[in-house]
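Working notes for the structure below.
First chain written, first letter: the chains are A, B, C, D, E and F, and each begins at residue 1.
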Amino acid sequence: MPIITLEGPKIANLDTRREFIRDLTDAAVKAYALPQEKIIVILHENSREQVGVGGELLVDKG
Amino acid sequence: MPIITLEGPKIANLDTRREFIRDLTDAAVKAYALPQEKIIVILHENSREQVGVGGELLVDKG
Amino acid sequence: MPIITLEGPKIANLDTRREFIRDLTDAAVKAYALPQEKIIVILHENSREQVGVGGELLVDKG
Amino acid sequence: MPIITLEGPKIANLDTRREFIRDLTDAAVKAYALPQEKIIVILHENSREQVGVGGELLVDKG
Amino acid sequence: MPIITLEGPKIANLDTRREFIRDLTDAAVKAYALPQEKIIVILHENSREQVGVGGELLVDKG
Amino acid sequence: MPIITLEGPKIANLDTRREFIRDLTDAAVKAYALPQEKIIVILHENSREQVGVGGELLVDKG
């Protein structure tokens, strides 16, 4: 049941997404010694108008 | 104040969404003995390119 | 894979928790026409010092 | 590292979003006495078909 | 219904928590022009063994 | 800013937690080509009375 949720910027492309899912899943398999079928990953990709760091929207940073 | 958040695939249509909201709300009303006005439900519907199960994106599963 | 996460106050007891899990799971089974083995529920129970409604901590409300 | 996540309706426009980010960031700076560079805000804006209050979708409320 | 969730370190004391709740609530009232009764804040305070920044647990940073 | 949140069972010990944080961070560094200082990981470890799979609490499964 371990569930890994990412909140991040857009991911470059589908291949990067595939590899990212595999790497996150492998990390959980190792940490919990669970079969990989049990691991769920959810990628929330946010636009630069929806995220602020240091009080400033990403879209306003250079 | 109980808040129920769903992370799931797309929901079939608006009627299914309506009924799902009612059922989740009823479950919380029963568990907490609170009036239904207090219950909030948020449905996050994710594309098949944003979710991985067992190390594989849903979009890559048959 | 649908995942239902609750953010709520403490739940009365283990039996209430059991029934709540079943009811939330049944709601997702119906909405998605998926087998119940696919449904995950996570209950985050928060203390009254960790939740504010209307600008006031629950612990400060009568 | 404090991370503030909002689940809310659509925000009116980019200026409102900017000010909201600043206000949420200021609140965390004050509460934690941390430099503002450490504070992250994520705005999840939900459509009225994805949120239910009191068992009813927002889109169905007048 | 706007819901503000914080993931952060422990908050110093109850008064800081009260003021933080008020400030976050005020920010949402202003952004959405909604009455403050509609705003919910949830504070998830995490131990230093549960958070990593830059690949290192907070508990291992000086 | 990418933030990785885990919802899972208890993690065995502090060393496992350390390694898990590093592995999750490395996965995000690779996917986003960002410096590791930007990556935050939050581990939410849940008791077996707070999680249901297939309609049953983990505490009730063998």
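The criterion applied here is as follows: a residue touches a chain if its C-beta (ideal position, glycine included) is under 8 Å from a C-beta of that chain, and two chains touch if they have at least 3 such contacts.
Fair warning: this is a prediction, and the values are worked out from it, not measured in the lab.
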item: Joint neighbours of chain F and chain D, given as chain labels; value: A, E
item: If a chain touches chain C and chain F alike, it appears here; value: A, E
item: A-C or A-F - the one linked by more C-beta pairs in contact; value: A-F
item: For chain A placed onto chain B, the superposition rotation in degrees, Cα atoms, nearest 5; value: 120
item: Contact-pair overlap exceeding half with C-F, pair selected from D-F, A-B or B-E; value: A-B
item: Inter-centroid spacing, chain D versus chain A (mean Cα positions, whole Å); value: 20
item: Rounded Å distance, chain D centre to chain E centre (Cα mean); value: 12
item: Where chain B touches two or more other chains at once, by residue number; value: 1, 3, 5, 7, 17, 24, 26, 40, 42, 44, 51, 53
item: Chain contact graph, described as a line, ring, star, complete graph or other shape; value: other
item: Interchain contacts (touch definition) - all pairs; value: A-B, A-C, A-D, A-F, B-C, B-D, B-E, C-E, C-F, D-E, D-F, E-F
item: Residue numbers on chain B that touch chain C, as the complex places them; value: 1-9, 11, 16-17, 19-20, 23-24, 26-28, 30-32, 51, 53, 58
item: Of all residues in chain D, those that touch chain B in their complex; value: 7, 44, 46, 49-57, 59-60
item: Sites on chain C touched by chain F in the complex; value: 5, 14, 17-18, 21-22, 24-26, 36-45
item: Footprint of chain E on chain B - complex, ascending; value: 1, 3, 40, 42
